[in-house]
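Labels A, B, C and D are assigned to the chains in the order they are written; within every chain, residues are numbered from 1.
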Amino acid sequence: MVCNMITVIKPGATQQQIDGLLNWFHARGLKTNVSEGEFQTVIGLIGDVGRVDVDLVKGLEIVDSVKRISDPFKRANRKFHPADTIVEISENVKIGGGNFQIIAGPCSVESEEQILTIAKSVKASGAGLLRGGAFKPRTSPYAFQGLHADGIELLEKAKAQTGLPIVTEIMNTLHLEMFKNVDIIQVGARNMQNFEMLKELGKSGKPILLKRGLANTLEELLMSAEYIMAEGNENVILCERGIRTFETYTRNTLDLSSVPVLKKLTHLPIIIDPSHAIGIAEHVKPMSLAAAACGADGLIIEVHNDPKNALCDGAQSLTPEEFGDLAKRVQAVREVVQS
Amino acid sequence: MVCNMITVIKPGATQQQIDGLLNWFHARGLKTNVSEGEFQTVIGLIGDVGRVDVDLVKGLEIVDSVKRISDPFKRANRKFHPADTIVEISENVKIGGGNFQIIAGPCSVESEEQILTIAKSVKASGAGLLRGGAFKPRTSPYAFQGLHADGIELLEKAKAQTGLPIVTEIMNTLHLEMFKNVDIIQVGARNMQNFEMLKELGKSGKPILLKRGLANTLEELLMSAEYIMAEGNENVILCERGIRTFETYTRNTLDLSSVPVLKKLTHLPIIIDPSHAIGIAEHVKPMSLAAAACGADGLIIEVHNDPKNALCDGAQSLTPEEFGDLAKRVQAVREVVQS
Amino acid sequence: MVCNMITVIKPGATQQQIDGLLNWFHARGLKTNVSEGEFQTVIGLIGDVGRVDVDLVKGLEIVDSVKRISDPFKRANRKFHPADTIVEISENVKIGGGNFQIIAGPCSVESEEQILTIAKSVKASGAGLLRGGAFKPRTSPYAFQGLHADGIELLEKAKAQTGLPIVTEIMNTLHLEMFKNVDIIQVGARNMQNFEMLKELGKSGKPILLKRGLANTLEELLMSAEYIMAEGNENVILCERGIRTFETYTRNTLDLSSVPVLKKLTHLPIIIDPSHAIGIAEHVKPMSLAAAACGADGLIIEVHNDPKNALCDGAQSLTPEEFGDLAKRVQAVREVVQS
Amino acid sequence: MVCNMITVIKPGATQQQIDGLLNWFHARGLKTNVSEGEFQTVIGLIGDVGRVDVDLVKGLEIVDSVKRISDPFKRANRKFHPADTIVEISENVKIGGGNFQIIAGPCSVESEEQILTIAKSVKASGAGLLRGGAFKPRTSPYAFQGLHADGIELLEKAKAQTGLPIVTEIMNTLHLEMFKNVDIIQVGARNMQNFEMLKELGKSGKPILLKRGLANTLEELLMSAEYIMAEGNENVILCERGIRTFETYTRNTLDLSSVPVLKKLTHLPIIIDPSHAIGIAEHVKPMSLAAAACGADGLIIEVHNDPKNALCDGAQSLTPEEFGDLAKRVQAVREVVQS
C-alpha cells in the first residue's frame, strides 16, 4: 500500500502536539505511519487525502512541510491503466492507440451550401471527421453566437451525405437532446471547469472532446477528464488548443510539449488544435506537422471555402486546397516518425 | 456620431481594392468614412463592429492595421452611465456609490451550529452580509462538494436569526429555484465565461456577485457583466479574487489596481476577496486595509469559528476575533481616505 | 540540526538500490538519515543541498518524490535574522524598521532647471530622497537612453542644493566610479538576474535598491538579494514594481501582497513603485495609499513639473501639486494603520 | 513614404487643441498628415516615432487612441532584408537559409575527459557544433557556477581534437578576451535585456546566439537582436528555449510557433533548445522532431556521458546513444518536410 501524502514535523515539536495531529488525521479517516529519524519526524498518510486541506496542514505550528505524493487523477492515470484508450466513433473511425484522425471543418456552420461544400472537400482530402460550430462561445453578448439547432441539423445533413462523423460544441446541458446524433461533443476551453456540465456529459456516455482551458495546467485538464470518467464515461479525448501567454503575435501559445507529457501521464488520446491556438492561417501547416512529429493522436483544423467571408475566425481558416496539402504532408511526417 | 473602428490601408493599394473592402464593410451593415491623407488612407467604420472579425480584416493584403476604438462593453460603461450603480440588497444594505459592505462567513456551510455561531459573531463585528458555500467548485470530483440544498436552508436559518442577507455560489442554473431566498447569487471564477449561465442569471433579476476568472482581463470581466446586463439585470457587483501569476507564496495574486481602473471604466460596484486571493490567514488583514485604501466598495472575508477543523480552506479563514479587529481598522482607513 | 531535503523512496526499491542512492548523496557531501516506515522509506538530507539537482533525483527510478525543505535564501532570511534591517542613508534618512520614505523625482534627468525645480518641490512636499534616471534601459536601441554622466552630475547638484540623498539606476558596473556620490544604486527589473552585476554591487558596499523582475517570483527576488549580501553588503532594499500579467489596462500588475509576504520571509525593507507598475498618473495615488495601508516601508513616485513634455514616461508622472496631496494622505493612512 | 503612427482625435476637439498637438509633434521632429473625416480626425505621423511616448499621447484629453504602425525593429526586419541571413561559422558550418545545425554537448564543462568524450561522440552522431557551459547563471549564489576560464580552455581542446566549433555562454563582457576562440557566444535568457552587454557584443562582431527571455515576447527578442545589429554585427542567431507559463510538468513551455512567426518577421536564423525548455530527457526527442517539422534552423541538445552524475541539469541530458538516434530521425523529418 502506498503512502499518499507525507507531513514533515518541525524539530522542536512535543509528543503531545504530534499525537494531536495524528488524531486529527485519524478523524479524517486516514491511516498514519510515523517514521522517526534523527533529525525529523515524518508522518506518512494512507487513504483518501483528497479531503485534507494541504494549505491548512502546512499552516500548523508544528508542521514544516507537506507533500502530496499520489497523482490526484485516478481513472485517467496511465499507472492504473497502461494501455492506450481507443475512442471508437464508428467502425472505421477510431482515435488513439495508433489511430490518427484529422477533424476538419468551419469555425461556424453558416448555411447548407457552406457546410456541404466543405464536408465533401475535406472528406476527399483525408479528414476523418467533420467539425462545425452551432453554439459559439463569444466574449461579447452582441457577437454572432451560431445557428444553434439549425446548425446541428445542417451538420447532420452533411454527415448523411458524406458519412463523416460530426463534432460540435455544447454550451448548456439543457441542449443535450439536440446532440443525440452528434458523434463527439466538444467542451470548450471556457467550460473546462464547468464541473456540473462535465458530470452531465459523464452520464451521457457520449465521446467527449475536452479542450484545455486558457490558463489551466495539464493536471487540471486531467482532473476535468476525471469528472467525466467518474460518471462512467471513459470516452474522453483531450485537446490542446493553446494557452494564454504574453506573446501577442499568436492568439495563444500552442503547448506542443503537452503531447509527450500527457502520453506519459494518461492513456487518453490527445489531439491538437493549431487553428485556434495560433489564429493565423499560414502558420497552421507547420504547426500541424510539428504536432504529428511529436506524437499527437489527431488534429482539428479549420477549413472554410471562403475564409474572407466567414462569419467568424476567417483569419485562421485554410482553404480546401491548403487543407489537402496539409493532410498529405502530415501523413508523410507520421510515417517517418513511426518507422 | 463616433467612429467605432479604423482601418489603415497600405500605401500601394488600388482604388479597386479599396472599393472592394468598402463594399465588404457595407455588406456587414457598417457605415464607412474614408479619410485620404498624403501617406495613407484611413477608413473609419461606424456601426456595430462587434460582428467584424478584426483578425480577418488585419489579414487582408491591402490592410496595414486595424484598431477598434469604442469600448466593447456598453451597459456597464461609465461613459454612458456616469453615476455609480448602487445595488440595493435591502433597505439598510446597499453596495456601491459610497456604500461599503463587508460580506463575511465560512468557505463552506458545515452545520447549523457552525453557521449560526459565525453569523452572529460576524454581525456583531460589523459584517453587513453573510457568505457560505453550499455548492463548492472543486478541481477534484473526489473532494467535498458542499451540503447543497441543506446548506442553503442553513443559510436561510442564519438569515432569519440575524437579519443578515445571504450570499452563496451557484454552479448550475437548474438549481435556481433553490436560490429564491438568497440575496446575492455568486458566480465563481471558473464560471465567469459560462455564458449560458450568465444569460439565465440576467433573466433572474437577482443581484449577482461576478468573480473575475483566474486569468481573465478586466475587459473580459466587464463583457461577462454585459451578458447579465443585456438580459435586463443591472444588479451586478464585480469581484476581484486574485489572478493566476508565477508567484507561489500566495495562492493567487490580488490585483488591487483593478479597483481604480474599474472605477474609471464602469459604474458597477467593485469588491475585493483577499481570503481566496492570498490563501494565508495572517495576510488577509493588511490586504483588506489596502483594498479599503484604494477605494473598493466592499470586502468578502472568510471567517470560521474553528479554522483548524474547517472542511475547506481553513488556512485562509480568520477567527471571529481577528475579523472583528479587521473590520474596525478597515473602517478607520476608509474615514481617512474619504476625508 | 534540521533536515534540508527529503527524498521519498518507491515501495518496491531494493536495499541495494537504496544503498546506491545513499552513497551518491554522501559523495556530494551530504549527511543522510533514513526513516523506514511501514509503507515508505524516507531519506532526510542534511547539508548544503544547493548543489543537488532536484530534477535529476526526481527522475531516478526508485524515487517517488523529492522535497526541498529549507529556504534557499540565508542572509536575507528572517528566521536567522529576526530584527528588521534598517538601511541608513544618512543620519536623518533611514529605510525599514518603521522608517518610511518617499523617493520622488522624474523618470529621466533632462536638464538642470528640470531636476532642481522638481527636487525643491518634492522636498517641500515631504519626499525624503530624490530619484532621476541617468541611464535608462529601453527596449529599443533607438529610444532616448538618458544623459549618462551629465545626468548624474545634475543629480549631484540637486543633492547639494536640497540635501536630498539621490537614487539612480546602474546598467553597467564599469560605470561604478560615476556612482560614488549616489546614495542608493538602483538595479532595474531587467537586471534582477544579472548575477555578475549583483556580485559587483555586493562588493561596492553601497545601499542597493533591487527591483523585482518582470516575471520573477519573490523567492527569486530574495535569491538575487542573496547574491549581493553574500559579498558582504547587507544594505539591500527590495522593490515591487509590478509584474507582467495578461491585464492590459495597466502596464504591469502591482503585486501588493508581496509586502506582507516579504515582511514575513525577510528582514529587508520593501518599497513600492506604483508609477511604473500602473503607468497611469491618476491611479498612482490610490495605489500609494494601499501600499501604505498594507505595511510598505516606502514609495518611489514619479514627479515631473511638466508631464506632457517629459522625455519618457510622462503618462505616469504626477505634478508637484498632485504629489504633495499624495504625500499628505499617505502619512494619514500610515498613522491609522500603526495606531 | 509610410506613416509610422496614427493618432485618432476625439470628436469634440477644437481646432486650437488640434494645432497644439500638431506643434507638439513637430517639436519632436515628426512630420504630420491630417486626414479629416466626417466623424473623426486622424493624424498620421511620419518619422522616428521611437522617441514619442505612446502612453503619454493616449493620455491627452483630445486623443481617442494611438496606434504605432511600423515595426519597431529595422535591421532584423525581413521587410527590409527579404533574404535569409546565413551565419557562417566556418567554411563547412553555416546556420540559416536552409543550413540546419545541431549544437550538442553538456550543460557544464566538468573535466577534460568528460568534454572530450562527449565531443567525439556527438560529432560521430552528426552534431555540427559543441556546446558546454563555463559560466553558469544560477539562481542561487551558493550553487555550482562553472569552471570559468578552465572550462573555456577545455572547450578549446575539444575543438582542437574534433574540429567542432564551440558555443558557450558569456555573463560579463569583461570576460570577452577569454572568448576570443569561441565560435558562437551565447547570451542567456536572463541577460536578454542586459542592453549594455548586447551593445558590447555588437561591437565584438562575433556570432551571437541570443536566447529568448523567460517571459519576453518575440518583439522584445527582436529588439534585443536590434541592439546587437545596431552596432554593426549582423551575425545573430535567435533561440527559443521555453517561456514561463503556469504548467508545472515541464520546466518551461516550449513555444514552437515562434518558428514560423519569426521566419515571417525576420531574416535571422532560429534554433530551438528543447532540453532546457522541457527539462525531462525522455521528452527531448519528440520535441526535437517537432522543431524540425515546423522549420527551425537548428537545435541545441544537452548530451552527457553520465547524466546521473552530471553537475547540473542531468535530468534533461541525453546519453550519446539517445542523441545519435535523435539526430538520425531529425534528419528524416527534415527530408520529408522539405520535399
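Just so we're on the same page, a contact is a pair of C-beta atoms (placed from the backbone, for glycine too) under 8 Å apart; a residue touches a chain by one contact, two chains touch by 3 or more.
Note that this is a predicted model, so its numbers are computed, not measured.
Considering every other chain in turn, the ones in contact with both chain A and chain D prove to be B, C.
A count of C-beta contacts for the chain pairs B-D and B-C puts B-C on top. Between chain A and chain B, the centres computed from C-alpha atoms are 27 Å apart. Inter-chain centre distance (chain B to chain D, centres taken as mean C-alpha positions): 39 Å. Distance between chain centres (mean CA atoms), chain B to chain C: 31 Å. Touching of two or more other chains is recorded for residues 215, 244, 246, 280 of chain B. The touch graph of these protein chains is complete, with an edge between every pair of chains.
Residues of chain D touching chain A in their complex: 215-219, 243, 245-250, 253-261, 264-265, 277-278, 280, 282-283, 286-287, 289-295, 329, 332-333, 335-337, 339. Listing the residues of chain D that touch chain B in their complex gives 1-3, 6, 8, 11, 33-42, 44, 46, 64-65, 67, 69, 215, 244, 246. Interface of chain C with chain D (complex): residues 24, 48, 50-51, 53, 55-56, 58-60, 72, 74, 137-144, 171-172, 174, 190-191, 193-196, 199, 214-215, 220, 223, 226-227, 230, 244, 251, 279-281, 307-316.
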